[in-house]
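If you scroll down you'll find the structure; I have some questions about it.
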Amino acid sequence: MSFKDHDKLTFIADAARDFSARRISKRDFLKKMSLAGVGFSAFNLGLLGSTRPSRNRSFGIGDAAYAQDADVTKWLKDVSGPFKGTKIRYTSEATPPTVVLDKLKGEFTEATGIEVEIEIVPLEQVLAKATQDVQGQLGSYDLYYLDQSWVATFAQDTVDPIAYYKEKPDLAMPGMDWDDFSKPLVDGLAVYDGHWVGIPFDIPIMVTMYRKDILEKHKIAPPNTVDEFVAAVKMITEAEKANGMYGTGLQAKSGHYSLECDWTQVVWNNGGSIFTKDKKFSGNDEAAVGGLKIYQELLKNAPPESTNSTWDGQFQMMASGQCALVNSWDEFFPGLDADGSKVQGLWECKRPIRGASYRSPGDAGFGEIPNPAHQGGSILGLSKYSKNVDAAWIFMQWACSKDIMTRCTLGGGFAPMRISSFNDPRVKAKEVVGPGTTRHLPIVLETINNDMASEPDMPLWAGFSNNEIPVALGKLLTGQDYGGDAKKCMDDVAAQIDKAVAEAGL
Amino acid sequence: MSSNTASLLPRETASPESKRGWLPSWLSSEHPFPWLFPAAALMVVFGIYPLLYALTLSLYKKNAATRKMVFAPDHNWTKILSDERVWNALFNTFLYTGIALVFQLVLGMLIALLLDSDRKGYGILRAMMTLPLVIPPAVTAMMFLLMLNGSFGVLSRGLIAMGLLPTGFSILGNASTAMAGVLLAEIWQWTPFMVLIMLAGLRSLPKEPFEAAAIDGASGVQAFFRLTLPMMSKVIAIAVLIRGIDLFRAFDYVKVMTDSGPGTATETLTSYAGRIYFGNADFPYASTIALLTLIIVIVVSSAFMKAFKVKL
Amino acid sequence: MSSVNIKNVRKNYGNLEVVHGINLEIEDGAFVVLLGPSGCGKSTLLRMIAGLESVTAGDIEIAGRRVNDVHPKDRNIAMVFQNYALYAHMKVRDNMSFSLQLAKRPQSEIDEKVGWAAKILNLEPYLDRYPRELSGGQRQRVAMGRAIVRNPAVFLFDEPLSNLDAKLRVQMRTEIKELHERLKTTTVYVTHDQIEAMTMADKIVILRDGHIEQEGTPLDVYDRPANLFVAEFIGSPSMNLLKGDVTAHGVQLGDGTVLPLPAAHRARQGQKVVYGIRPEHLMLGAGAKARVNVVEPTGPEMHIYAELGGQEICVVTQQRVAPARGSAIEVTPQLDRVHLFDAESGKSLA
Amino acid sequence: MEGSRPLRILRDLAAITVTGLFMFPIFWWALTSIKPISAVFDKDRVNFFDFVPTFINYGVTLFGQSRSQLAIDEGLGMGVAGADAYDSRQSILESIIISLGATTITMAVSVFAAYAISRMAFRGRGHYLNWVLGQRFMPPIAILVPLVTIYKTAGLRDTDNLYMGYLGLMMIYALMNLPIAVLLMKSFLDDVPKDVDEAAMIDGATRWQTFRKVVLPMVKGGVAASAVLVFIFSWTEFLLSLFLTTDIRTVPVKIQTFVTSTGNEWGFIAALGTAAIIPSFIFILLVQKHLVRGLTLGSLKE
């Protein structure tokens, strides 16, 4: 980004902030915007013209902001003729963009006559239902919402969007701008075996979040490395014990994918990897076990409920003031800043803590990328078995278009997929403390561009990451088995996984 | 006399006068067939056919990478024998069923005795007692998940305040206590069902023996053990059977509250099947485990029905 | 014509035969009582006539038509059950008119018939009540009303009075009899109560273990019981039955007492027999000596229980005598009332 | 045998205490549904009544209000803004339709079957009853995979035809509830003397007329009690509903929607969970007497 661009964005953001704080009038704001070269469609102005001042204060976006762009509407109307009345479906986790999209989809239906049913269920159930669909090639779902850990599993079941975009020029949405998707994100998330499995749709990523006030109180600088992080966590636990506060909070629920996410991160941060390049499980080598030991140490400095907590529990720990330092999903951030939150404005975020060194992707197996920022992204894939491929394709392009993605972000304050969304003035305008804040997004963008890690891309990974690994970890962390011996636990996992990999003939 | 001997109508009931003489006799309303057919059809189409399908499925081996299914009849069934988690789950299932049954039975009986009164207000108490039954188990599980949260849950905090648990202790996040936590939800929800069954039994007991016993000087406790229990034995046996079957297949509580965890501390046969199904998508193996559950339920409950002469 | 013919009818439950080839002719308009202890097959027989039990072998004919395979509804019969079997959810009126409604009779006819039956049975004030609001006797009448409105070929009664108290039973007995007198419908009536049988029947059929022991008019079976079973079963207090051997002078009991025999009898000398004499046919006065055990005054008569020849006897007399326990009395049988049965076969030797 | 006055009072107290203990989780849940989320997750104490009640959870789940708007109006709110995917009215409607439909189907087939079992002697009667009970042995997870495929082939998925989707779910619920319904109805029918059937048949009724005009009206209460239990079991079922439907979402499945990637919407879960108690409980109150009577399952008679 050139200095000039950066300057311009700052200018826009400042103006927007002033406007939402009612320091300047709407006319002045618009004038400044046009100075900055930002054109507003009549619809987008709606968000500024809110009649309720409180709406700006709270969300900076009113319902009018959801109105459809006229060009997009026209395109939708033009291409959807043959598909009027069809209904397309997919099943998804209740991630922020999905929830917002579920609301926005009405616009799409209005313009196209294509109905959209988004079946929202918890993540593992999304997996089970999608798996069932592809196993029987049922075609119940037209799109698949695919978590990054399942992308390889479903690679054979989806249509390559890039190829399809070229193949069907009459259905191609103008201005898709494929290059607008952040490159590391596409590589880490959407691409398997050289082609796109789907379009990136959501990118929660691990950043380091800390309680500014607590750290200041104990004169601790925000940690940059794992060692600093562990030391700070221990210190805070010790110092704040009486106040019911722990150093950190973890998503260590046995048998749950969240625990597996935490684990991969500590393994990578300690220079380990999950697989070696000869496709052997290496979670039991010295580096990985060392990482796990650090995690065991962290668990001692986290609320005991951590062992029964998924991301939900971890978020509640953060929101209720139970912990001060967390290396976890950036998605929590807007919620922490919500009105009524006890910790509004108290959390800050920074790029994730780093280990001393990282194993190079070349030394790891199955396309694994060890790095400081575990990503839990997901993509929308177009089902090969769908009976309404083209209708679904129109929706998918629309859902992943610049406008919609930006507006999804505006509705929830989570990280967008598109560079343009990160830089959208409406997004910038919300970089203030408050519900739906976007003030963490610059850090997230930096993290995506520099620190993004990726779990192995292999068909069996969905199973390992949801069953074998987190179950064994649960046994270890709650004292059911292995007597606290991390190595023993990981040897056990290694035996299971190596056997399964061999059996599958990978 | 007539009430004991089954009344059997003439076999060829299509009388000369019958207006529907052209119908085959087994289609007339005098023949049991038309009465039994709808339920039988339902069972065959929605029960037995899927079951046979599942049985077939269990004879296939699924390649986790390619998703190809290969016919390998012994693969899953031998795998089950050597799978430690199956044995652990089997143990947990019996533990879960046994403990829940004992608590539900004893509590159910005690509460039924307590609420079995015609005095004013007891009707309302009895109605309130049925409330837990109407909550979806998946929601009950969420409810207890929150109440048992070591940091925020009202039950955990209560126990901690009483000094029974260390600060912040996570009942569900601890291998030694998780089963108790799940059982708490199970027992809370289904004890009322037992209460209903027991109340039904108590209410249909004849009064005379109790009056006689009271005249003979039997205390309430003696009357309970000498009269109530023996006379209720059939009710109790049926209640144990029905509840036992349900408990053996219980899924929602474990799934939502601990997801078989921590580790495999609360993993039951059905929840293990669920993990294999949800997590690994190994449908054949999941089916095999579920079928094993079915086989055990059949064997155990048939043995129970024989042993206790349960007649439906 | 609505006679009932039962021809060699058998009934098996699995391997168990409970009715062993019964033949019985019931004439049109007759009131036949099937009498016997419980388990004798009388209810089964009645239910076979009704069509509620299948017939294993043999034929049942109603009005000359073989009805073995005819559905109960098509047999043109009506039945009154022991516990009334009223339709609890219907008013008395609907209970009574149910069969007519099923037969799709015009409403005017239904009203007329129900009104007629209600009048006969004194049920008019209760037509709009539910069975649960009626007394036992009233329920019984409803059950009968239900039967008579149809004007069936045959009435079947299955111990209809056994759930009533003694007084009501007597009253209902009369009512049923009256009803029969009035309607003259062929009636088959099952009971184990011999008084009912005696008072109501034109013909009594006594059954035991699935066999007919005897059939005849009430007085016939009372005065001329065909065998020991009937002799003992009919009459209350029941007939004195004394075991002994036939000698030239009469029947010699175990202790040597000899009871006189009428001139005409079919017993051989030395044959082991049972000497039967009804209590009311034993006269007090010179004769065989007996020792008094108990005296029961019933009001109209005195029942004296005493020991004769080591066997208990009962004497019924209208004399106001009350011999003390242990005292001796002497009794003489009325010779023309003496019954003699073969001890082995139980058959009458009179 | 009610005992002396102090004993009676003691018993009353015990009865109230025990019932109260069983009511507590529901009370707590209802309380949670009107708490601001910060009062639910309070690290320092258990918050009983010290909060400003909020009806935002009910507004969103039951009245289709926008959470963002409510949050603004009340100055509350956390997490994701602006979605109305939490409006659960459709789910409640769908749950009611499916539960009522399933109850109707279940009762229809099971009353017929129970009548034959109770009234007719036929060979294999015992086997038939065992097969019926056997349906309850089956862990739903065993037939989940086959059912999804079978339903797809048979067109019973709501993805192909919404109405067939309803029907499909009703049918599987009917199967699931068949054992309990048949056992209960058999018990109620066994209570009606067989004489009544016989009287009706002699009165000129066919089996069918006997059943419909005489026996069925006499077991109305039993039918109602069994139907309520079937309704409850259908209303609360989760696993089958989750996998057999896509567009249709019963209440227990809808509640799973509130488990999100940024945290569970505990307020919504509590609100919908509390509200979901009401329909079934009303039914329970209506048939309570029969329910208590009916659950003897015929076992006391012989």
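Labels for the chains are A, B, C and D, by order of writing; each one numbers its residues from 1.
By definition in this document, a contact is a pair of C-beta atoms (placed from the backbone, for glycine too) under 8 Å apart; a residue touches a chain by one contact, two chains touch by 3 or more.
Note that the coordinates shown come from a computational prediction; the quantities given were computed from them, not determined experimentally.
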Furthest chain, CA centroid comparison against chain C: A
Comparison of B-D and A-D by number of C-beta pairs in contact, larger one: B-D
Chain centre separation in whole Å, for chain D relative to chain B (CA means): 15
Mean-CA-position distance for chain D and chain A (Å): 37
Distance from the mean Cα position of chain C to that of chain A, given in whole angstrom: 93
Centre-to-centre distance between chain C and chain B (centres being mean Cα positions), rounded to whole Å: 54
Two or more partner chains touched - positions in chain A: 125, 128, 132, 316, 320, 322
Shared interface positions of chain C, touching two or more other chains: 47, 51-52, 71
Shared interface positions of chain B, touching two or more other chains: 2, 7-9, 30, 151-152, 277, 283
Chain A - residues contacting chain B, complex: 124-125, 127-128, 131-132, 134-135, 252-256, 303-309, 313, 316-317, 320, 322, 458-460, 462-463, 466-467, 471-472, 474-481, 500, 503-506
For the chain D and chain B complex, residues of the former touching the latter: 1-3, 8, 11-12, 14-16, 18-19, 22-23, 25-26, 28-29, 32, 40-43, 45-46, 108-110, 112-113, 115-117, 119-122, 128-147, 149-150, 171-172, 174-175, 178, 180, 182-183, 186, 193-195, 197-198, 206-208, 211, 232, 235-239, 251-252, 255-256, 264, 266, 269-270, 273, 276-277, 280-281, 284-285, 288, 291-300
Chain D-facing residues of chain B, complex: 2-3, 6-9, 28-30, 32, 34-36, 38-40, 42-43, 45-47, 49-51, 53-54, 57, 111, 114-115, 117, 119, 121-123, 125-140, 142-144, 146-147, 151-152, 154, 157-158, 188, 191-192, 196-197, 199-201, 203-205, 210, 214, 220, 231, 234-235, 237-238, 242, 245-246, 249, 251-252, 269-270, 273-274, 277, 283, 286-287, 290-291, 293-294, 297-298, 301, 311-312
Interfacial residue positions of chain A with respect to chain D in the complex: 52, 54-55, 58-59, 61, 63, 87, 89, 91, 93-96, 99-100, 102-103, 117-123, 125, 128-129, 132, 136, 138, 140-141, 204, 244-245, 311-312, 315-316, 319-322, 329, 331-332, 334-335, 338-342, 376, 411-414, 435-436
List of chain B residues in touch with chain A within their complex: 63-67, 149-152, 168-170, 172-176, 178, 258-265, 275-283
